[in-house]
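Each of the next two complexes has subunit A plus one other chain: subunit B in the first, subunit C in the second.
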Partner chain A sequence: MGLLTVIKKVKAKEKEIRLLMVGLDNAGKTTIVKNLCGEDVSKTSPTLGFEIKTLAHNGYKLNIWDVGGQTTLRSYWRNYYEQTEGLIWVIDSTDVRRLEDCKRELHKLLVEERLAGATLLIFANKQDVSGAQSQEDLLKALELDKMGERHWRIVSCSGVTGEGVGKGLDWVVEDIAARIYMFNN
Partner chain B sequence: MVEDNLVKRGEATALAEEADARVVEKLSKGDAERVAQRERRKEREKEEANPRENVDLFNQSQQEEAGSIRSALAELEGQPPSTKDEIHAAKGTFENLRLRVLEMEKKAASASYFLSAYDVRATSDLAKDLKAKIDGVQRGVLPRKAFTFRRRRVMRERNAADGAQAARTKAKSSVQEGGAGAAGENASAQVAVEARGMKVEAREGSVVVIAQEDATSDDIEIAGCKDCVIYVLAKMAVLRLVDLTSCRVFCGPVGGSLYLEGCRDSVVMAAAHQARIHHAHRVDFYLRTRSYPIIEKCSEVRFAPYAFSFEGRDAALEREKLSEENDLWSDVKDFGWLKSTQSPNWTVLPQDQRVEEVREG
Partner chain C sequence: MYTPDEVLKFKKPTEGFCCSLSDNKYGIEFLEFEIRDYDTSKSVFKISKSDAPDLSKLSLEATNGGSSVEDLVRTVRYKLPKEFLKFKTVRTLLKFCVGPGEVPSFRMIERHYYKGELLRNYDFTFGFCIPSSTNTWEAVYDMPVNSQEQVDDMIGSPNEHTSDTFYFVGDKLIMHNKAYFQYV
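Moving on to the complex of A and B:
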């Protein structure tokens, strides 16, 4: 193996990005992942445990961890924090009833030391539904004013129509790449 | 491996060269003793926990319990209850027998670490068989459950509702339309956000019909109702059913998920891409879905295929990709029951206890 191949290999390996999809159950995490992978989103099963999807995106290899959000499964989330470069928090924008629960879980995540450096993308999902809250109102309700140094952004989307999904992913990948791989590019 | 041995041998030589012969002897003696001790302990453990013995004991106790349940059933069959009191007592006995089967299943679950797949299967078959027998005998000796509500009855309720149109309109104030008119308190107390979807809340003893022309959103939430009959016929992308007691809810197709949180002593019929059911107790679900239904923290919930009929149903089902009948309604996953045995929290609703098709209109 020549030196060049070695370098290439290391680079290829380094160009992996690990993303963690989290949020309450029923928010649309799996639907969004399936949409990104071009699969039939109308046949999405509720997630038992977790699933990992690998996706090539703008020259990066994304490992997307999609974990179940049921109350009985939330305590397992922390098993996935290690080496997570990007957090994608998905909100069901129609579910006002559980916004408080959503806010609490998100804030819990944000004080996790192992996730301190992770870029945060918030998807305000289900925007195709007429009852959906706007991302501005959601932001207000989630009280995300104490974010400190973290790179974060909220994007409206629909996992069903695909609107906004690509835009959000582009941003989170770019942000992580700029942070981690700036010497490679 | 070979390398490993070489290294060890090399170390041994070095040790022998350096060490006092007596130390070596002492060490090896200690070693021999430890080996002997280990052997003795192994022997003892084997005697104490012969796995086959445990399995036999377990199977024997399950068979004994099954036998005793069967003879209780035979007794009931031999002397069917006739007076009101006897019938009442017999109902209790049947419930008790079901609890005993449940207990057997629980024991099997906690013993599953030493049972083989074959044994696990055998015990679950045994339990299934017993449950079927209990159902069968109960059907035979107790008068049919007065449970079916057919078209005529539904029609009457409809008429009652139409007759009480005034009441319906009055109650409309609690059918809150999103945005503008809705009062602030319909949002959860801590979050200052108004629900924009359609909300039907806090109804008691009424009939609620949400037809397409009544719907103000494709996001519908029905919450905090008691003793109601509810028809949802409008096009929906999101449906949430929250805190319903003694209600009968009949829904057209949802082009997304049915999310249910808190429901007791009720009947729910719905077609949806997903059914996510939390905190339901004694509820019969008649479902058609595109993925397995899930339950979490539920008990005594039963499942059957979708049986709700209304005008334009086929086209509505087609539109939401729900026209295909499938068996997913019986492939329920219990999130709180991760063992290989059947979850004790749900069952398939026996055919003869299912409601016949319910029609609206």
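Moving on to the complex of A and C:
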């Protein structure tokens, strides 16, 4: 096994999946990604652009695009829709005051043509914090009754403790893999 | 001016740089770069903008060494611990900021050579960058499995492992950096 063998290995087409992670500011997107990567979640600052992580997960190469959620940044989200196979929407389950904003922004994404085929995972984050709404209550508030053909699921989680985070990612990756790579195996 | 397709055909390190510093019209600036072992999280290289050498020192060196300041600020000399050559997986982190305008389609192509021959190629498209944003890209790579013989060869050949990194906005080359690696 020499250096040339290695070049071939690197060149071999990897199964790539592009995931876009959005949601209101302070929803906990970056903390969730850090948790997925086994990193320290104690210090996270507002994302003022994007944070991309590429990681291997169950034989797939994931490119996770975590884009900042501040009001001024939201109008730029549309620049990241192209080629997105999975959409991860993160909710701060304790932020009852902004649930209406959260619903409005999510519904904007759901009518986007370029995201029409994307699998949707909703993380009901911060379940470890007292006062967190249950996923049932969040679903009711978000009025997600007209989802049509879309593959979607809501998963309760905590980016801080890691509870539910892996389960959500496993589901979204499996769902996308079954759609996209079904005939390539 | 070179396009991504042309750069992807390069089979050896370029002589000099393929664009000038002033081609970076988007105010893209690197703030931090770090290389870590994925398995132990041990950091083997870290540079941030704050510890970049200041230009006055560089111009002195330039006068002595004969290369231009422009070339020196675009050249990185990595001194990596030799255990790097035995790492299975490596994690790199790049942090950069962009100027007040939109960057429509940002892409990096990095070509690595050993003793003048192409070793591997990295090609990553960041895509759109938000005006005045700070962005990070963290990637995880599987490393080549090197025999002891190869490891020894690389340790004994400082600066024979080199790389050319090209940054494009659309099809336009805006930055070109070179790196030299030695393992100690």
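Throughout what follows, the second predicted complex is superposed on the first by the 171 of 185 C-alpha atoms of A that agree within 3 Å, B and C clash if a C-alpha of one lies under 4 Å from a C-alpha of the other, contacts with A are read in each partner's own complex, and residues count from 1 in each chain.
Going forward, contacts are C-beta pairs under 8 Å (C-beta built on N, C-alpha and C of every residue); 3 or more make two chains touch, one makes a residue touch a chain.
Computed from a predicted model, the values in this text were never measured in an experiment.
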Is subunit A touched at more residues by subunit B or by subunit C? B
Quick check on the superposed pair: does A:K53 touch subunit B, subunit C, both, or neither? Answer first, second, both or neither. second
Tell me which partner A:E163 touches in the superposition: subunit B (first), subunit C (second), both or neither. neither
Quick one: is A:K43 in contact with subunit B, with subunit C, with both, or with neither? Answer first, second, both or neither. first
Partner chain in contact with A:V96 - subunit B first, subunit C second, else both or neither: first
First (subunit B), second (subunit C), both or neither: which does A:E112 touch? neither
Determine, under the contact definition given at the top, whether A:L73 touches first (subunit B), second (subunit C), both, or neither. both
Between subunit B and subunit C, which residues of subunit A are contacted by each of them? 48, 68, 73
So in the complex, the part of subunit A that touches subunit C is made up of which residues? 1-3, 6-7, 9-10, 37, 48-56, 68, 73, 76, 79-80, 82
Subunit B touches which residues of subunit A in the complex? 25-26, 42-46, 48, 68, 70-73, 94-100, 103, 126, 128-133, 137-138, 140-141, 160
Complex contact set, residues of subunit B against subunit A: 178, 187-188, 190-198, 217-219, 221, 223, 237-238, 240, 242, 256-257, 259, 273-274, 276, 290-292, 294, 296-297, 321, 333, 335-336
Of subunit C, residues touching subunit A in the complex: 97-98, 114, 118-121, 126-130, 133-140, 142, 144-147, 150
